[in-house]
Every structure is written in structure tokens, then in C-alpha cells.
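Before anything else, here is the set of structures, which you'll find just below.
Both complexes below contain subunit A, partnered by subunit B and then by subunit C.
== the complex of A and B ==
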């Protein structure tokens, strides 16, 4: 029972941390290597919110707005000129991530910051004591996933985004303002990354480099999902399960490299990864 | 004046300046983890080093020479330490290295220390048995730290079964290897022992194993800083409430962790509550120098302070900073600091008074019992 809950909540946390990267990769066709920095920005929004004496949960919308606003600026000034040069975009976003990490270091110092716990304690569930917060994280992942699905399937923006994903030249020919779609998508992706940062604070330590580890996991997951968010959910579930089961039955040391190894193997066998499923 | 004269004058100037080395400051290299896992505690270490240097300089320095600190960030790891040690030893030409570091960083730096023939005083508690002619340690090893915790759990909590969790590196594994040995020797039983890489932050599977094993007590030995914080947060989040001793937590970290740290047992050679004139004077001086910016002095920063005084005593006894003479003098000198009388006279290690404490709700550490002059045991039998 404990294992099933561990698998579900681990998958949920992976999903929350990689959905922002997936959104940007899907529409813009670039990997935002500053994704980890935006996760860090979100976590520091929680630090700032705590310093201002706000309710810890208020950090979540705050982080989304701050992340999206900074994402908008980054898109305008850094990403936009590089759409036709995806390799340069990797360099630019990776560099941007380093710059943001250093700016955070300058502002807050290198040390670990402490944030108030969003939801302490454990609850009884199906006969086991389980961390209340991890269950909330599971709920948050479902809500974010549903909202994302609704945006893609049920809104004008989602329709335009899907058109851009399928054939950008044709979409532009049909009068869709593709530049605006890219701009808004980048903002949403950055906002989601920051939101993930807040949701990580009860589980992770908040420091200027905290995002890097999550970026690597998210990158692997997005690579095997090939821009499909249902595939991402499936990949999170499978890889999360692998991580938990290997940690439980073999060794946590192998468990922590499970995602990277499995992603490589998956792409070797099936270049489209989970997106065919 | 012709060009040749100018060159001659310059050469004369150089010749005149270089023999005046006695006037140069004595440079103390401090490679320390300002970033990475040690970043929580490193600023307090730098602060106490600054205080020691300021105090010594105000009283005329060492043999008439002023002390100067060269701080370098080793990023808490092996790769950063190699760079930090190389630049301190070969570029900054430090006379001595005095620092608190992770075991990974210390091990990575030791080859440079040996090659550069620089005395090195290591001021962090560690897993023990690091032996090098140039290396001295004035902080505790497992033989000094673990027994008080296990004995207290066995006696007061009636604990028979234990679960061990650590970070996968020299300190984590070394501490828990000794802990396992000591528990088994004293009649206890280990029901689980798990490790996560140093940069790992997801303890989910390990915590679930812990819950299934249902031990009487938990002992953890992670890297300080981030891994310690994530483990404690996730343990508390999962509702783990058994007697919990953390071999790597210091008072400052405990304080900033807030409610999550309450009830944790720790074993240390220094807590701010040590009742001695030296400790009170030290705390007052720190308070005066750093005011609001003061990082709580702790079991890693106080040894740093004392080590600088031990080095001063050794240089004075040796009559200079020449490595061979300083190394000969180091085990023979002692200093009365906040932790009491410290002398690195046991195979390059120091007998220490150890305190068993428990973190209170407000983040302070209550001393439960004290163990006087605990011997470090056989650390380096080949060194005298």
C-alpha cells in the first residue's frame, strides 16, 4: 500500500516539475534549460512570501505570476531572436539559468533557506500513515494536469497552440499570430515551473542550485514524451514507479539514476518514446 | 637616469624587499564550502576564523607578524576542493590550511597538501582514520560521538532495534559503519541501513522502508545542509516520531529548521550552552563583532576558532612557520577555548568533552548530559 502511494505521489511530483518544460518544448520546439532556474525562482517566491508574513499557500499564485512575468521578459529579449537557431537557444537558456542562479545568490546568499511547511503531519489512509503533503501534491498534479488539458482542448489559445505544434507555417498562413502564441506559451511554461518550485518547498531544500536536479529529471521525461502531455503523465508514472521500486527493492542509489538510465534505454528502443502510446 | 640605472634600481628594490619576509603576514588558507551542501554552516566558520585572526592581530600577531585569511570556496565537493587547495597552496602560497570541509573535499585536497608540504588543521567532525603527516584534526570522530547517543537510547528509551540512514559518501558511510559496530557490540540490532547520493533529495522509498521496519530508534548521518534539511522535512512530513538522533545536525541548522527539528537528539563537542568563562567571552566577542549578522556559533565553527589559536601556539613554539618544525610542535601545544582544553596529542587527533543534547521547540539545544575528555581511540597508529 505504502509502495502504491509512493509511486503515485512520486509520479505526481515528477509531473508537476516537468509540465512547464513540456509546454514550452511542445510549442516553441526549444528546450528551456532555464527551467530549473524558474523552479528556483518559484521556491524563493515562497521564501519572500514567508518574509512578508503571507499565508504559505499565497506563494503559489504569487510564484505563478512572477514566473510568468519573468518568463515573458525572457521570451521577448532572449528567446525570440533564437527561434530559428535551436542550438543557440540551448546555450542561451542554459546561460540564463546560470545568471538567474547567481542573481539569486547575490540577493539571498548561497545558503539553504527555510520556508514554513505548507501542510505538516501525516494522515491515516487505507490503513497506513501517510504524509499529508504528498497527497496534496498528488491532488495538485491532477488539478494542474486537468487545467492544462482544458487549456489545450477547450480554449482558443489551446487550439492555436495545437495548430502551431502541428504545422507552424500553415498556422501562420491561416492568420494565427504565432509569435503571440509562442510568447503566451513561454509565460505559461515559466509560470508552471515557478509554481512547481513552491510545491517543492516542503520536500526539498531551497537553495540557489535546487532547480538543476529537477531540470535534468524533467528534461529526460520530456524527451521521452515528445511534446504530448498524456505521454508525459504516462512517462512520470512508469519512471516514478521504476524509481520507487528500484529504491525499495534494490538500492536507493540505483533508484536515483533510474530515470536517466530508463530514458536513454527507452529512446534507444523507441525514438518516439511514450508518445506513441 | 639611464635605462640601465633604472633597471638596477628596480633590482635593488626587489632585493631590499624580499628579505623582509618576517614583516609579511602569515597567511592562513581556509578552503570551505560556501556553496553546495556545506553552505548552511560555512559562513559561521568564516566568522569565527575572522574573530580569531582579529583578536590575535590586536595583540601583536604571531612572532610579530600579522595573520591574514585567504578564504576559498570549495563548493563542498571534490572537484571544487582540488581547485581551492591548488590555488591556496600554489598561488596564494599560504603558510597553513585551517578549515571545516566535507570529507569528499578533504580527501580531494590532501594530495595537494602532501605535495605542497603545507600543514593542514581539519576542524570538522568526520568519519575518522584520515592519516597524513601534514594533517591534524581538532574535532570529533565516531568513537567520541556515537557512544553517548546509543547508550542514552538504550538506557532511557529501552531501544533494541535501530534504523540507520545516511548520505552516500565517506562521512555518512564511515559514521554509520561505526554506529552499526557499536550497536551490535552493545547488544542492539540493526533492522535497516539505507543511503542516498549526496545530491539526492527524494527520501520517499527510504522513509517507507523505515516505517515498515518499525525500529525503536533512528540514527541518521547525512551531509550537513541540504540533504539533512530534506531528510528531516520529509521524515516529519511522513509523521515519523520515534527517537531520532541526527549525527550531522548542528545547533544553527536545528534552529533554522524550526518545528521540524524539535525532539532531535544530537551529540556534539560544542553547544552554545557550554558553561565556561572562555565560552562566554567567545560568545560575547562574536556578538560584538558581528551583531545582527552573527551566524550561531556551532560545533563546526568553534573548532575553527580554536585551531587558529593552536596554530599560533605551534608557530610560537617552533619559532617560525617552517612546515617541519610546525608539524613537530602541533601535537605538543594546547589551547583553552570555548570547548575546554584542546590538544591534538592523540595520533594527530584530540580528546574532547562531548555533550548529548536535544533540540527544543524554540530551536535551542538542551544539554542532557556531558562526557568528559572522551578519547578518540586508535585513529592513526602509525603517526605518533
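== the complex of A and C ==
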């Protein structure tokens, strides 16, 4: 029972941390290696919110706005010149991640920061005591997923984004301002990454380099999902389960590399990964 | 006036003398560098010697990263892992076996063989038919993470998170290790320099530019990439061996993903694809880092990161790009590259067994999901025939060409070339059966010269020298004719990206003809060409089939052109073979008239 809850909540956390990267990769065809830095930015928004004495939950919208605004700047000055050089974009965003990490270190120091727990305690669920916050994270993943699905399926931006994903040249020919779609998508993706950073604060330690570990997992999950949002959900469930089960029954060290290795093997066997299903 | 004349005379003699001079340049530079580095410990203080020893080991790694990424286009973070495996193999061997000369030799062998074997496995995983550049980068990113976690889980064996310290090492002093790593760096750089300037070095750039074209020239880009990965993993392991000895400490960070990204940053800042740029960049940055990071640790990282971003965006060629621009602005810097001469070679004897069909297609069908593109295609083509494939857009002509030239394409039915089934064969193996394919959109190597493109076209027959440059390229007369008729033979030193559309088409045709195929597949070779260019290509094709007995299958829209050169015409309509007959039969038929006037859809 505990394992099932662990699998579900782990998958939810993976989903929350990857969805921003997926949005950007899907539309811009660019891998944002500064994704980890945006997660870190979000977590430090929670630190700042706590210092200002705000309600811990207020950090979530704050992080989304800050992340999206900074994302907009990054898109204009760093991503835009590199549209045609996707491998270089990986490097430039990685460099940006270094810069952000060092700026945060200069501002807050390199030590671990503590934030108030968004929801402490445990609840009785199906016969076991379970961390209340992990259940909240599961709910948050569902809400974010639903909002994301609504944006894609139900709004004009989503329609334009889908057009750009399918055939960018044609979309431009039809009068869609693809540069604007890319810009807004990058802002949303960056905002979602920062939001994930806030949601991670009760689960992970907050330090200037916290994002890197999450980046690799998110990157691998997005690679196997091939820009499909349902495939991402499926990949999070399957690989999250693998991570939990291998950690529990084999060794936590193997559990920690389970996602990377399994995703690499999956891609080797089926280059489209989970999106085919 | 007399001054002018003498200037011309001078430049002429300089040009004649230059090839020999430039061939000797790497050795001269290497000898000077080796001498300077040998003497360097005499004037440097202990701190500088210590730091530079490490910097030069890292620079050796940077050379391997540059070969993979700068030249071959494989963005890799994995060299750190191979380095770490080499360092740990050394440290573990020396810790548990001892440091006698015999065990030292064992440690050295392990430090090279273990990473090379791992590199072979990683290469096999990363490079396969239709693999993408991004996938190789993904694997190179996973590798250091996996290796690091294995080191953590190694317990006492690997020292887990604290690493291994205090093992016995080579009996060298500080200066000795400095000279050892200097020697390794100079040797690695020299070998890489000679290699990238050789004919085989062109193949690296060709794979980066256009690996599909490589495969359709009968080369195996994947095998080259795998071999390169394994060999350079061995070199990285060797660097790890020296590192473990020089520092007598190994730690998980040495194999880590972050170190892998640092290597890429150094190479990018120094200037990818220039070898000397990454070497100097790595030594300079690592040395500066050692001096500055003590005083202003975060600011140093910040500056480095910001510079890196700026260089990637604004100056993709790195700092070497600036040096190159300054150099080429100087009068002595503007030298023409080495260009081989073209010579005619006797063509292979015409295909034997002229009676049997060269190409046999039986019951070929292809569908994408529920959409059927080709159905029930049966066709035989004999030596000396020029079969034109006509039909409206969407009839399946290009799809058919793809099925003929790539046996891994999923389709039903059977295709055989000279009696050999192509089922499951990758394009390079089908080319080996004697097939040449020209694409609809000219597919050449954009950053190579015309001469180098032709050189690679001959590589599957004549091989490529890994150390030098061939003085001549032997081409069959038919290929020479194409070059001569289009004037390309006077543009051998021109980079292919500067050619006009028609010239690129002609170059690709010459490359395909240079393969001396028995069967040549041409997808709209005259699309977008002028009338004169079209006539030229038509004449070349007629000569190939008529005089040399090559079989040709041609996809074409221009019925006048088809009528002039074909010996047979096949009409594809809505995925089926609608007509197969002589020129008169087909051109005069009712069906062709209705298809082309669009009435068939009515």
C-alpha cells in the first residue's frame, strides 16, 4: 500500500518537474538546460516569501510570475539567436544555468536554506500513515496537468502551439506569429519550472545547485515522451514506479539511476519512446 | 611596374613551396612546444608546475572532445566518464596490486582497455542506422551519471564518495609528472592534428555535415563514429592514468557529468574544430581558475558562465575564431588550401551476365498506416537500360526510390540487386552491391571542397589515408566528363556550400558516378536546372547507360527530357504500375495524356 502511494506521488513529482521542460521542447524543439536553474529560482522564491512573512502558498504564484518573466528575458536574448542551432542551445542554456546558480550563491550564500513546510503532518489513508504533503503534490500534479491540457486543447494559444509543433513552416505560412508562440511557450515553461521549485521545497533541500539533479531526470523523461504530454504522464508513472521499486528492493543507488538508464534503453529500442502508445 | 612583377613572382614561388611547408608545420610546432615545455619547470614555481600538470591532462581530454564534437559533430559529455574509468582503474590497480613495474604496466593497460571497451559499448548504443545526434548526446550524459553512481556504490573498493588516496605511483618528481603530461598532450595534439588534416580527417567532417550522403557513398558513418568513440575513450583513459599518478587522488567528481560539461565549455571557449584552440583554452582557463577561484570563487564561475553563453551565441568559433580572422587579414595568412589533381582511371569492365536483370522488384507494397502509397509493383531493369519513372505528384515515385536504396525501410515484397536480396540491408551495404543514388535535393558535403567531396565518393573503393593527403583523385571518365561539362573541374578548391544549385546537382551526380555503380537511381536530377544544364546531364546519362552498360532508374517530370533519353518508360499512378513500355508506346498512350491533363481525377 505504501509502495503504491510512493509510486503515485513520485510520478506526480516527476511530472511536475518535467512539464515545463516538455512544453519548451515540444514547441521550440530546444532543450532548456537551464530548467534546473528555474526550479532553483522557484525554490528561492519560496525562501524570499518566507522571509517576507507571506503565506507559504503565496510563493507558488510568485514563483510562476518571476520564473515566466525571467524566462521571457532568456528567450529574447539567448534562445532566439539559437533557434537553428539546437545543440548549441543546450550549451548556452547550460551556461545560463551556471550564471543563475552563481548569482543565487552571491545573493543567498551556498548553504542549504530552510522553508516553512507547505503542509506538515501525516494523514491516515487506506490503513497507513502517509505524508500529507506528498498527497498534496499528487493533487498539484493533477491540477497542473489538467490546466496544461486545457491550455493545449481549449485555447487559441494552445491551437497555435499545436500547429507549430506539427509543422512550423506551414503555421507561419498561415499567419501564425510563431516567434510569439515560442516566446509565450518559453515563458510558460519557465514559469512551470519555477512553480515546481516551490512545490519541491518541502521534499528536497534548497541550495543553489538543487536543480541539476532534477534536470537530468526531467530531461530523460521528456526525451522518451517526444513532446507528448500524455506520454509524459505515462513515462512518469512507469519510470517513477521503477525508481521506487528498485530503490526499495535492490538498492537506492540503482534506484537513483533507474530513470536515466531505462529511458536511454527505451529510446534505443523505440526512438519515439512512449509517444507511440 | 617592376615591383609588381616581382611581387607576383614571389607569391608564385611561395605557393609552390607552401604545401610542403604546411605539411611540416604540425611537427615543427610540436617540437617547439615539447622543447619549451621540457624547459618550463626550470623557470616556473612549484604551484604553477602543479596546476599546469593538471591543466595539460585536461587539455589532452579537450583534444578528444574537440575531435568528437568540433570535427565529427557529436556533442559529448561522456569523455569525463572514460577519464574517470581510466583514473579509477589505475588507482584500484595500484592500491590493490601494488606499484611494481609489472603491475604499473598492468594498470596502464587496464586504464586504456577498460575505457575503450566501455567506449565500444557506448558507441554501439549511441550510433545505429537512423540514430540522431541528440540521442548520442543523451547517452553521453547518462554515462557519467551511471559511472559516478557505480563508484559511489563500490564501497571500499572504490572508496565511495571520498575516493581513493595514498596509493603508490610512478616514481617521478613534480617536474617529471609535468613533463609526462606535457609529452602526452603534445603527442595527442600532434596525432589529432595530422589525422584531421589527412584524407580520413575529411570523413569526420563529412559525417558531421551529412551522414546520409556518407552512407549512400558506401561508407559506414556509424562504424566510424563507434570506432572514434572507442579510440578516444582509450585516450581519455590514458589521461586518467596520468592524472591518477600525478595527483595520487581519484574522486567521483573526476568521472562526473559536471566535469563533462566543463570539458565542453573549455573546448567551446577555445574554439571547436581547431584543436589548438581547445588546448590553449583549457590550459588558460584551468590555470586562471586555480589562481582566481581562491580569491573570488563565485565571481569566477559567474564570469566563466557568462562568457560561455556569450561565445556560444555570438562567436560559435570560440576565441580561435578571432585569431583566425586576424590571421586571414594579414597578407601571409591568405593561403589556398591543398587541392589534389583529378586523373582518369580505367573504368571497371562492364557488368557480366548482361542477360539477367540487374534490378528485380517483386510485389512491392508500402503503406503508412492505412494510407497505401505503393501497391503490387513488379519491375525488372537490365544493364544498359535507362528506365524513366513518371507519374503525377504523390504517385509514389520517391517512396519507391527509397525502398530500392534502403532495405531497412519497412515494405512488403522483395527487391534484389544482381540477384542479392536487399531485405534488411542498410544503405551503405546496398551501395556496396553496386547502387548509386542521387537525391531530389542535392546532397553534398557543404563545408568540404569540391575535391574533397569527390575524394569521399571514391573512399569506398580507394580508402582514405589517415596520415596524409593523396596527390591525385582517380575518377572514372564518366565522372570527369560531368565535371568538365559543368566547369566544376576548375572549381576544385571551392567549398560546396558556395556552389550554385545546378553545380551542386552536377557535383552530386559526379560523386554518384564516381562510385562506378552498376545501377544508378536518380530522383529528378534536372529539377530547377537551366536548359543547358539539363542537356549536359542528359548527355552524361546517355553515355553512362549506352557506352558503359550501367542501368539507370530516373524519376522525372519533364516528359520532353524523358522522351529524349529513356530506353523505357514506366508510369506510376496512384501507387500502382499503370504502364511499362517503350518511349513511343507510353508517350502516345491515352492514359499518360489523361493523367497529365488531370482528367483521371475527374
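Quick note on the criterion: the second predicted complex is superposed on the first by the 277 of 277 C-alpha atoms of A that agree within 3 Å, B and C clash if a C-alpha of one lies under 4 Å from a C-alpha of the other, contacts with A are read in each partner's own complex, and residues count from 1 in each chain.
Following the convention adopted for this analysis, a residue touches a chain if its C-beta (ideal position, glycine included) is under 8 Å from a C-beta of that chain, and two chains touch if they have at least 3 such contacts.
Every value quoted in this text rests on a predicted model; they were computed, and no experiment measured them.
Residue contacts after overlaying the shared chain place A:253 against subunit B and subunit C alike.
Legend: residue contacts after superposition of the two complexes on their common chain; A:65 is shown touching neither subunit B nor subunit C. In the superposition on chain A, contact of A:111 is made with subunit B only, not with subunit C. Of the two partner chains placed by the overlay, neither subunit B nor subunit C lies in contact with A:227. In the superposition on chain A, subunit A positions 105, 110, 251, 253, 256 are in contact with subunit B in one complex as well as with subunit C in the other.
Residues 31, 78, 81-82, 85-88, 90-92, 94-99, 101-103, 105-106, 110, 212, 216, 219-220, 223, 251, 253-254, 256-257, 260-261, 263-264, 267-268, 271 of subunit A are the ones touching subunit C in the complex. Of all residues in subunit C, those touching subunit A in their complex are 75, 125, 128, 130-135, 137-139, 141-142, 145-146, 149, 152-153, 257-258, 261, 264-265, 268, 298-299, 301-302, 304-306, 308-309, 312-313, 316. Chain contact summary for the complex, subunit A toward subunit B: residues 2-3, 6, 9-10, 13, 105, 109-112, 114, 116-117, 120-122, 128-134, 202-205, 207-210, 213, 243-244, 247-248, 251-253, 255-256.
Only residues 34-36, 39-40, 42-43, 168, 194-197, 199-202, 204-206, 208-209, 211-212, 225-227, 229-230, 233-234, 236-239, 256-260 of subunit B touch subunit A when the two sit together in their complex.
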